[in-house]
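Structures are listed in the sections that come next.
Consider the two complexes below, in which subunit A is the common component and subunit B and subunit C are the respective partners.
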Partner chain A sequence: MAATLTAHAPARPRKLLASRKTRVGILYALPVVVYLLVLFVYPIFSTLFLSLKNTDGSLTLHWYVDALTGVNLSVLFTTLRISAETALFSLVFGFILANAISRLKPLWAGVAMLIVVVPHFISALVRTYGWIILLGDKGLVNQAMADLWVPGAPYQLLYNEIGVVIGTTSVMLPYTVLLLYGVMRGVDRRLLAAAASMGAGRLTIFRRVYLPLVTPGLASAGLLSFILSLGYYITPALMGGPKQTMIASLINQQVMKQNQWNGAAAEGVILLLLTFAGLLLVKVITSLGASRKKRSAS
Partner chain B sequence: MAEFGVVTPSVEVAGVKQPTATGKALSVVALRKTYGDVVAVDEASMEIAAGEFVTFLGASGSGKTTTLMMIAGFCEPDSGTITVGDRDVTKLAPQKRNLGFVFQQYLLFPHMTVSENVAFPLTLRGVPKDEIRRRVGETLEIAGLSGFGSRRPRELSGGQQQRVALCRALVYRPPVILMDEPLGALDKKLRDQLQIEIKTIQQELGLTVIYVTHDQEEALVLSDRIAVMRNGLIEQFDTPRELFERPRTPFVADFLGAANFLPGRVLQNTDAHTVVRLDQSGGLLKARRHDLASGTPVKVAVQPGRLRACAPDDGFCTGTVEIATYVGTLVRAGVRIDGGDAPLLRLEVPAGRGPVTGERVGITVDPEDVNLFPTEQGG
Partner chain C sequence: MMELRRTLAGRIALTVIATMIMLFLALPIIVIIVTSFSNNAFAAFPPDSWTLGWYKALFADGSKWPAALSLSALVAALSTVFSLIIGVTAATALTRSELPLRSAVYALVLGPLLIPQIVTALGLFLLFEPASMLGSPLAIALGHTVLASPIAVLILVATLRGIDERLEDAAASMGAGRLTVARRITFPLAAPGMIAAAIFSFITSFDEFYISQFLSSVDTVTLPVQVYNSLTFDIDPSVTAISAILIAFAILALALVALVRWLGSGRQDSLLSVENTAGIAAPGGEAV
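Here is the complex of A and B:
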């Protein structure tokens, strides 16, 4: 038995092993492949198909024309504007927070991070109602401002763009803080000391050494909160007015109230494309920045 | 090179250092720093002349880096003053001191090219663009980095990165450049090469450098003067030759010369010599004249390279060669001295005439090469 095995040995066992490996590999990958095909690839393509299908079953761009004209177009612009504002504010506050936390001792930094992240685990609905209580005409914020004789108080902080941006920013803040904190922790503080040894003042060190080093983090954090805001639904719906209708609300209305699946599908595809465009934009900006650096140096 | 300032190296006359006094570049007076109960630096004082290469040498925890950090301004002294030129900088922030600093970890700005890194301190000083380009080019050329200007730091080797860091620290002509173990992260061969480059650049440009290292050889190769530090104290601040040949404390003799120590007692003084009777062998050893009364217990310190093997009866003691290892140009021998179980006496003799294992030898030494340290009673 042993003799016959060794006689046949040279090429075959290795080949057998190799093909067996591949077969086993496919077997391992199969659940994931099936999962992705059924739950990801199929829905995307059926949505795409739905958005291109006319009521009589023929192909049409009618739904896209619809989505990009009139009220729908202004909803699209509102979505972009609110997302951009959210990205900006969550970036600014995220930067300030993360910068402060990154200077703390590890223990306190951990506590601070917990405080920043914990609200994220509370249901978005609960959080939103919390904001509504705080920001209403008789809410804590307006009451405090009135008591302090702030001119013009009470302010309208709900059911307008201010309310929406406050709400979405608070939702996005944990993401930006987490991302920026990681990047800031990665900056070698001794580089700042090196810059100081050459005579750079604090502002110069911040502008020419620190900021460039955390810029990649700023770009990705800003992009992340922008993309997440694009499709955000609950907060804008509850804290905004009719003028703050965002694309996700529009899709919801079309499906739930008008039973208009084709139009909603077109909006969904547009949302997806916008997200891709955002990703591409950041890619272009960063690579442009890099090539500019290269040129100015040579 | 003329535009880089007057070269003012220190000169040595008969082994005694005489700075060519063009003024002091930096002085430190009674500098002290404590961390809780630990005294990191204890009343350190020194004056460093312009154009001088000074090294702080010591083991870790000796206070050498703390002293450097206080001079740089990264660490605040408890007391004492630091003067650069005529300016008291003790209370100034690092950026206001106008010093250069080379770090062990290079610390080049990763988001800038080599040229931008070197240009950085110049842009801070509002130097016109054309001049920046010229000076960056010149400095990179001195360091042998022409053509590397548009590279990123991460594309360079460790040695190249440290050269860039050096350029960045000297391009703006600070009156003093501080270096904190700049070659510590490099391998031996590269370190040797860069030592020579640093020394050459320092001499060509007449730079005043304060250098921190724990490597004795590196300190000897580079320095005009070395401050040997231990436990926050400057044990001795002198030229390499003085430190080597006239150590003021047993620690310095051991640290720099890896000296042999033999206990003994002063027997008598003559005009030129002090004679010591060794405790172990009872042999008489002639040292150069020390001002020590007869009867004083002493430690005799002799470096391995200054001892010679001779016929068994000609030396101040005799013994048996227990081990002899050939290390290229030298033979290192360990000799077991008769009459006791003291540590092996270490010898370094030129290869070829070296003693062999098991041989009976006498040991002799030139009186000029013997240093005596009085030992505390009972110590």
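Here is the complex of A and C:
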């Protein structure tokens, strides 16, 4: 295009073109930016503001003191405990399943991934209801255990922590399987072959080569399911008892039943800070993992 | 795990465990579909007799489900339209222009997907409550768009990245105006991605619970909130039927996305193959 122009002329049209492209970009980016600033960023800042505001309008940390003492503190600990349990189980199950799928032939791997992905797009509410049917006193699980003469059956599997962890794990599991499957597919098989050619046994290869390569992925997958569980509400509320009240349920109660918006806002900000801390950790782990991978490949 | 795989027993054990985990994912869905046809919605499984009664009860007089269903459909349709408008413009800005602060825009778009939905819902409640817009379908749709539009943006960015810009440049070099290029080249190639973005926006809004719960009033209750209420307050056995319908709906939507992808997959290749066999393909072109 600039071939027929003089030596210093190409700069001008290119610059003009660039500034036009920039203007078009800003114009087209406006809807999403304005929309999210008004309906996402501004509401979060007003939540933050409300959590710091006293009833007479002055600034206070009173709501945070409230949120971090007594019953509310134990709700926070319950949230952390249930999220950790969920993250642990979905990590272990996710690792086994993703590992098994990554060894399948493409066709069967596709079928298996379908079984993992389809539930992910079905409302968590509906899946939780499925678990309520399954785990009841006369549900399939207890019946199967009674038929197998498992001592002590039927068990109380609903409205306690077992039920909550089963339900939440099944909601979080598709995430971990998808993340870990990606990580495992990314492992350079040549590294394993290289280790084998130098006489390393299978256990040694797994422990010394494979595991170090997938550990950053494992850690971020675990952390992500932990973060997602922190703000989760549906399953704990439907499948748990009073001892399984999580922070999201507390926020909901404070707004809907007690009209206690400031307290709810403070709880929300605490949840937000925990999420940010988790995401920061994920980022650190990911960059650590990337540098490790680079080193092992070079 | 590797040393286990060496033996046949280990291989079988691993397969059994992996199958059990998949069953763990699939069982709650299967059990709802089966129970929705069962004569006694809360009793033994597998059921001893079958009925369509729960499906009929959904549309009986005085049932709350039709109103909830139509409200959810209206809200989902609105937020699909909003999300597509936001998605198409944002994806164009992110892939076809020189955008200052591009990574900041990306961070803003990813924000709603990373932040706990209950926090977003609380913020929206604090925004719409003083405006006395609680229970308004428009407010719920605007709220759902906060979650649905990032998904639309991500899908459409991937779609536009996948379209070879050489095709657009070629059309422009032959004198096609920008609108013609968009209409004749970009749009037909991006159509499968746009349909996928629309379907995922619709599902996101249709299944959304937190924002709906915070923004609903006694008279305006979306389908997920109604399902939640009937699981906590008034146990209504026809909830199995509506759950089964939601499952069928989700599977249908996913199948539709797969179908559209499959139909659209050959288009660009057929346009590019002529050029590639002629041996004039420009170096550095994006691999498709």
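The rule is short, and it goes like this: the second predicted complex is superposed on the first by the 254 of 298 C-alpha atoms of A that agree within 3 Å, B and C clash if a C-alpha of one lies under 4 Å from a C-alpha of the other, contacts with A are read in each partner's own complex, and residues count from 1 in each chain.
In this text, a contact is a pair of C-beta atoms (placed from the backbone, for glycine too) under 8 Å apart; a residue touches a chain by one contact, two chains touch by 3 or more.
Bear in mind the structure is a predicted one, so any value in this text is a computation, not a measurement.
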item: Clash-or-fit label for the pair subunit B, subunit C on subunit A; value: fit
item: First, second, both or neither for A:65, with subunit B first and subunit C second; value: neither
item: Partner chain(s) touched by A:73 [first = subunit B, second = subunit C, both, neither]; value: neither
item: First (subunit B), second (subunit C), both or neither touched by A:273; value: neither
item: After the two structures are overlaid on chain A, angle v-u-w for subunit B, subunit A, subunit C in degrees (C-alpha centres, nearest 10); value: 90
item: First, second, both or neither for A:143, with subunit B first and subunit C second; value: second
item: Subunit B versus subunit C as contact partner of A:251, first or second or both or neither; value: second
item: First (subunit B), second (subunit C), both or neither touched by A:121; value: second
item: Partner chain in contact with A:200 - subunit B first, subunit C second, else both or neither; value: first
item: Which partner reaches more residues of subunit A (counting touched residues only), subunit B or subunit C; value: C
item: First (subunit B), second (subunit C), both or neither touched by A:288; value: neither
item: Overlay on shared chain A, then closest C-alpha pair between subunit B and subunit C (Å); value: 11
item: Overlap of subunit C and subunit B interfaces on subunit A (superposed complexes); value: 201
item: Subunit B - residues contacting subunit A, complex; value: 72-74, 93-96, 98-101, 103, 105, 107, 109-111, 113, 115-116, 120-121, 124-125, 149-150, 168-169, 172
item: Subunit A-touching residues of subunit C, taken from the complex the two chains share; value: 1-3, 5-6, 14-15, 17-18, 21-22, 24-32, 35, 42-45, 82, 85-87, 89-90, 92-94, 96-100, 105, 108-109, 111-112, 114-120, 122-127, 142-143, 145-146, 149, 153, 203, 207, 209-210, 213-214, 224, 227-228, 231-232, 239-240, 243, 246-247, 250-251, 253-254
item: Residue ranges of subunit A touching subunit C (in the complex, touch as defined); value: 18, 21-22, 24-33, 35-37, 39-44, 46-47, 50, 93, 96-97, 99-101, 112, 115-119, 121-134, 136, 138-140, 143, 170, 173-174, 201-203, 205-206, 210, 230-231, 233-234, 237-238, 248, 251-252, 255, 261, 264-265, 268, 271-272, 275, 279
item: Subunit B-touching residues of subunit A, taken from the complex the two chains share; value: 188, 190-191, 193-201, 204, 208-209, 212-213, 293-294, 297-298
